[in-house]
Amino acid sequence: MTAGIIGATGYTGSELLRLLSGHPEIGRIFLASTSCRGQRMEDIYPNFFKLFDSRPASGVLEDPETVIAVSDIVFGALPSGAGEAYAAACLERGVSYIDLSADFRFGGDEETYRAWYGGEWLYPDLRRRSVYGLPELYRETTKALAAAGPAVIGNPGCYPTAVILAAYPALAGKGPHIAAGAAVIADAVSGVTGAGREPGRAWHFPECSDSVSPYKVGGHRHTPEISRNLSVIAGRPVPLVFTPHLGPYNRGILATVYLELAEGAVGTETSAGREASAVRPKSAEIVEREEVIRRQYAGFYRDERFVRVLPAGICAATNRVRQSNYCDISVHLDQGGRILIVVSAIDNMVKGAAGQAVQNMNIIAGFDETLGLQALPALF
Amino acid sequence: MTAGIIGATGYTGSELLRLLSGHPEIGRIFLASTSCRGQRMEDIYPNFFKLFDSRPASGVLEDPETVIAVSDIVFGALPSGAGEAYAAACLERGVSYIDLSADFRFGGDEETYRAWYGGEWLYPDLRRRSVYGLPELYRETTKALAAAGPAVIGNPGCYPTAVILAAYPALAGKGPHIAAGAAVIADAVSGVTGAGREPGRAWHFPECSDSVSPYKVGGHRHTPEISRNLSVIAGRPVPLVFTPHLGPYNRGILATVYLELAEGAVGTETSAGREASAVRPKSAEIVEREEVIRRQYAGFYRDERFVRVLPAGICAATNRVRQSNYCDISVHLDQGGRILIVVSAIDNMVKGAAGQAVQNMNIIAGFDETLGLQALPALF
Amino acid sequence: MTAGIIGATGYTGSELLRLLSGHPEIGRIFLASTSCRGQRMEDIYPNFFKLFDSRPASGVLEDPETVIAVSDIVFGALPSGAGEAYAAACLERGVSYIDLSADFRFGGDEETYRAWYGGEWLYPDLRRRSVYGLPELYRETTKALAAAGPAVIGNPGCYPTAVILAAYPALAGKGPHIAAGAAVIADAVSGVTGAGREPGRAWHFPECSDSVSPYKVGGHRHTPEISRNLSVIAGRPVPLVFTPHLGPYNRGILATVYLELAEGAVGTETSAGREASAVRPKSAEIVEREEVIRRQYAGFYRDERFVRVLPAGICAATNRVRQSNYCDISVHLDQGGRILIVVSAIDNMVKGAAGQAVQNMNIIAGFDETLGLQALPALF
Amino acid sequence: MTAGIIGATGYTGSELLRLLSGHPEIGRIFLASTSCRGQRMEDIYPNFFKLFDSRPASGVLEDPETVIAVSDIVFGALPSGAGEAYAAACLERGVSYIDLSADFRFGGDEETYRAWYGGEWLYPDLRRRSVYGLPELYRETTKALAAAGPAVIGNPGCYPTAVILAAYPALAGKGPHIAAGAAVIADAVSGVTGAGREPGRAWHFPECSDSVSPYKVGGHRHTPEISRNLSVIAGRPVPLVFTPHLGPYNRGILATVYLELAEGAVGTETSAGREASAVRPKSAEIVEREEVIRRQYAGFYRDERFVRVLPAGICAATNRVRQSNYCDISVHLDQGGRILIVVSAIDNMVKGAAGQAVQNMNIIAGFDETLGLQALPALF
């Protein structure tokens, strides 16, 4: 297969190139960039120097139209609002389009998209051929759609991937019972690559290294994407509080998700009086309930190749999934057994972007889902 | 005044030495260490090389007893359970003892202490002369205690300092109304100095750099310390969920604290049906309510020299308080106006340990509370 | 082929497992560890969790003898002095042994080995079947040796790989003329993974993060290994000054190598008097000479798949070779045109250890030299 | 005294504000910025939030002219070429001017300045009232100049400070004999704050974190400044090769300086033949000679408050001088005893810029040289 990447010079585009270069079913890779047309990719990313000597990729950045015309699959690694026309052109040519922006993550709900991203949809009808590309939720839908013709994949956002996979088993009703009215609280940290390639003060090394800080509290654009999918999973509106933070490292998102249990042990709050309310370490009983939920999670994700539910005693950590498509999940209860705490870790550039896009391509094309994604994470 | 530091070779001890060396009312500083007795501090900490040439401190590590015998104030920078006898010896000599372990953070509640830290109290009566040394809560108690004779200060833990100061105005009933039954969720990240000086795999550079991960989920020893004080503030038991994380940087704790508002706008959860529940960006009305709460916080802390409630648009960040005694606080609402999100940042070694200990010394001795703590934080 | 790794739990061993797992010609991988025998690799390295579900590797750490008995190629990732018997056992079984310690890096010069590493050789005769495994120098020797029977490869050290590849073209006499008597000065920085897996104060995050410092100045064990090979290349003794530094990052060695040119422009030192000696920016003529040498370097390494001589304007950097087997080289002159400055960058765990070992295996086995090593470096 | 800072919004300016705020002899501090006039410093640097509530500084950025008119001492923290007119205005008002750019670092040698920095001097005569402000070299000249009237101090560059202090004792002829013709090789690493406050790709966190790389090899502007001063010290032209690197940390320069000894032991290079040239570990005799030179260095700097010559066994490291005005120096010989390797570490923002400027102010004003600079470095 020949793959095309539109918007190849951004971090997500460069990561797609890196992953696709190692994919056994990808023959040639064409790169497009409107801003850098005519330049060579290795002059922009010297880490790719000599790559194009030995691999079937021209390495010169071309027009999107030129790339679409020769590709069997096209990836759009563009800002939200910039790729609809390319998606339309792909479908017209009979080629699927995997979009890494937010344009196709909201089904037909243009109102929500507009409220958070601004702008109007130029080709609203494309959504009829689109699916939210989180394979763990929509693998079968994606397969069915692709079987019926070329499709548009709305590749999920990085934070949504981490948060949704953490909450999915609990909200799907096959594990612990979650309190219906309570808000899901998702507290997440991202590495700085999440901010993309353009320099700015917030990502200037001296001002973000050696520090951690939240941003866009109560206002991050990934909020409606997460909320929407949690509500679909639960079959009812799920209130969501989502707080992203920036951490002083390159790759990885860690999401710590708090879910109130319906059957929550009423440990701390029933006692009267101050000393009586003193909290105690996790009891053996609560540790046991924790293990039950952990097994429910492990069972839920048993057949997922890229989700690893960690055994007791190991917490999810971003370094253990670095440069891999894994989502690691650790399952915990608070000392009172009242709140379920699920921690998920992904590489924001892989499972949170380019890797998941390749996974979606594999699903569409009928390849083994792990092709091109089998590199193991190093610990360091 | 002559100051003594017992346990001077640990990170907290070395930080006390650094701060006290610049304190205008401290004449001489004596250092004690049972494990390194006879060695010179600068051989253990070469960053202090030449310090003892020009300053009134011998620089040789001595017996605790020797140090207590010549000091006007004694700091105990020891593991929990190791300092009670020194505290007793100090009181006997008529000298106050500022303890940086957990031994004096629980008032007379030995049961809670024992449940989390193990061990028995050797001198339980010392608690009658002790106070929890969070000046913003207990300044007057501390003053009164010190006025009556030598005292023992239970210097607060690092996480508790950050979390309690974030929640204090809200739970004290003078600001927003907090839902009575709901758990306070405190999600916090600490730099690696919090783990202390002893090497171990979890803090081996290649295994913790470039990564973030939670630890002791639902089981960290600071949980009862935080819970106890939040309950005292609220005048009722406050259920607490506390999740510490390790971040790849040296200094600083960031606490993101979630408090459910009693009068919470019922934004997202009343609508019926899936699309209807779609979340919208923060409305002007909610932004205004956020500003009201921010002003309540600023008013609450108006007279506190070391608490800075940040204006709208600036989020608390650990790098802006590095090497200072400040606690920065930013106040936010979620997009639905239902959850109050308060973010606090401290330097875990300063306001979270040695700086707060110096602040307590200043209070006891009747000095200006900022003496020795006036160094400004650099941004980098 | 079936591969065995002895000493699998060290960082080098884990990196070998990671690389060999993606090698298309490796069927099964067996792991040995004397200290952790019976444990599962994924319990020691949770980043490998689930790996052994889908791959042909048992994942249980076994006896070295057991592993040798079933392997077609054996890697020794052990401390110096610990692997000779395994090498002997391999040869006896007719299997080649790739040694990542210093045991086989000195040919028959036991005296030098003993002077720097201590200990006696138990099987000195093994050196007759061994070769220094720097493919760019000894590819043909290695091939010839392997053709004649099972061989022992002395896989080069990390610093030596970086320094030797930087100096090789200049000292080989096919490029610029180097002054015969002058010392080669090699100033290098390594990431902390170079220190291995055992925690220690020097690699405790708070004491090495955010800092750079030299160590073992004038006394690092890699000195004789570098010196020996530079002398072989030059055909005369080459005095060497080698200064290693520790840098606050995980992977990568950067070597800045200074070579005095024989025909050096006598720019600064001939003028008489102080103002006259004032240095001027690089002249066009010197820039041109620099480009000539750069082309000589590029020509010298033309056929090397893993050496990239960078074009003018780009300096070697460790992040551009991270997780790859590349050695990037940039070529410069000082402003006076008197000193050649060659900068090389490798990933110390890949080209500096496990990757080069796989490259050697490929050479021995007659595979394409890049098999299993084709993953591209990401920039971040 | 009232101090003025022109160019207060750059990193150097903010660091001056931080240090001067703690200086016991500085009453008020006025800030000037042409680009941010009218803004409040704390809106640009939120780390200074609340500073101006309690300190004698207005905190509003004003015109340079306004600030000059009310100051007793003025600091220029401006790009090279931008401050001459302010220096002239200060002298006219009878006030000294401490310039942190390169404008006054070359005495009357405009030709060298122009060759490296471009631009013409508008007030060349100002150099008659100027001195190169490296106190360890020019303390007495500075005192004499200031005694005669207002002066202009050319505050040294960061790299020059580190390199010159490392080489000074050796080249001054009072210690080891240095080979006359040989080039001094200075290999240095700087933290990213050295690049200043403006964001750019080279300092974008994802592209410089976790990496080390040289830049401007053979062409850095600090070369003539270092070269000039080494030549003055030696009393003869000293050829210099200077290679700066960027390291993934905020503060600190480490300079590793190689000086060829005249009486160099002819260890490695006399032997004939390859095996004979094998290098051996440092002999006891060479260790002894190393110690002699170390003592010469310590003696040379005996009276310097900010230079610490480290004892044997400790290498200079940037983290041990962080946020301090110290220059740490460690002294080594290579294994052959032929090359003297001196390593120096400074905080580039303190001894390399703002701290040295304050030191110069202290000298001019007749204060104790350590006033405002007594804060101890923390190890972390």
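The letters A, B, C and D name the chains in turn, as written, and every chain counts its residues from 1.
Here, a residue touches a chain if its C-beta (ideal position, glycine included) is under 8 Å from a C-beta of that chain, and two chains touch if they have at least 3 such contacts.
Note that the coordinates shown come from a computational prediction; the quantities given were computed from them, not determined experimentally.
Participant: Based on mean C-alpha positions, I'd like to know which chain lies farthest from chain A.
Facilitator: D
Participant: Would you mind pulling out the distance in Å between where the CA atoms of chain A average out and where those of chain C do?
Facilitator: Their C-alpha centroids are separated by 37 Å.
Participant: Using mean CA coordinates as chain centres, what's the chain B-chain C distance in Å?
Facilitator: Spacing between the chain centres: roughly 46 Å.
Participant: Pull out every residue in chain D that's touching 2 or more other chains.
Facilitator: 11, 193, 206, 208-210, 248-251, 319-320, 379-380
Participant: Draw the chains as dots and join the ones that touch; what shape do you get: line, ring, star, complete or other?
Facilitator: complete
Participant: Per the contact definition, I'd like the list of chain D residues that touch chain B in the complex.
Facilitator: 11, 14-15, 17-18, 21-22, 45-51, 54, 193, 210, 250-251, 305, 308, 310, 314, 319-321, 323, 326, 328, 349, 370, 374-380
Participant: Report the residues of chain B in contact with chain C in the complex, numbered from low to high.
Facilitator: Residue positions touching the partner: 11, 191-193, 195, 197, 199-201, 203-206, 208-210, 248-250.
Participant: Can you list the residues on chain B that touch chain A in the complex?
Facilitator: Per the touch definition, chain B meets chain A at residues 109, 111-112, 115-116, 181, 183, 185, 187, 189, 206-215, 217-219, 223-224, 227-228, 231-232, 237-243, 245, 247-252, 254, 256, 258, 260, 267-269, 271-282, 290, 315-320, 322, 330, 332-336, 338-339, 341, 343, 345, 379-380.
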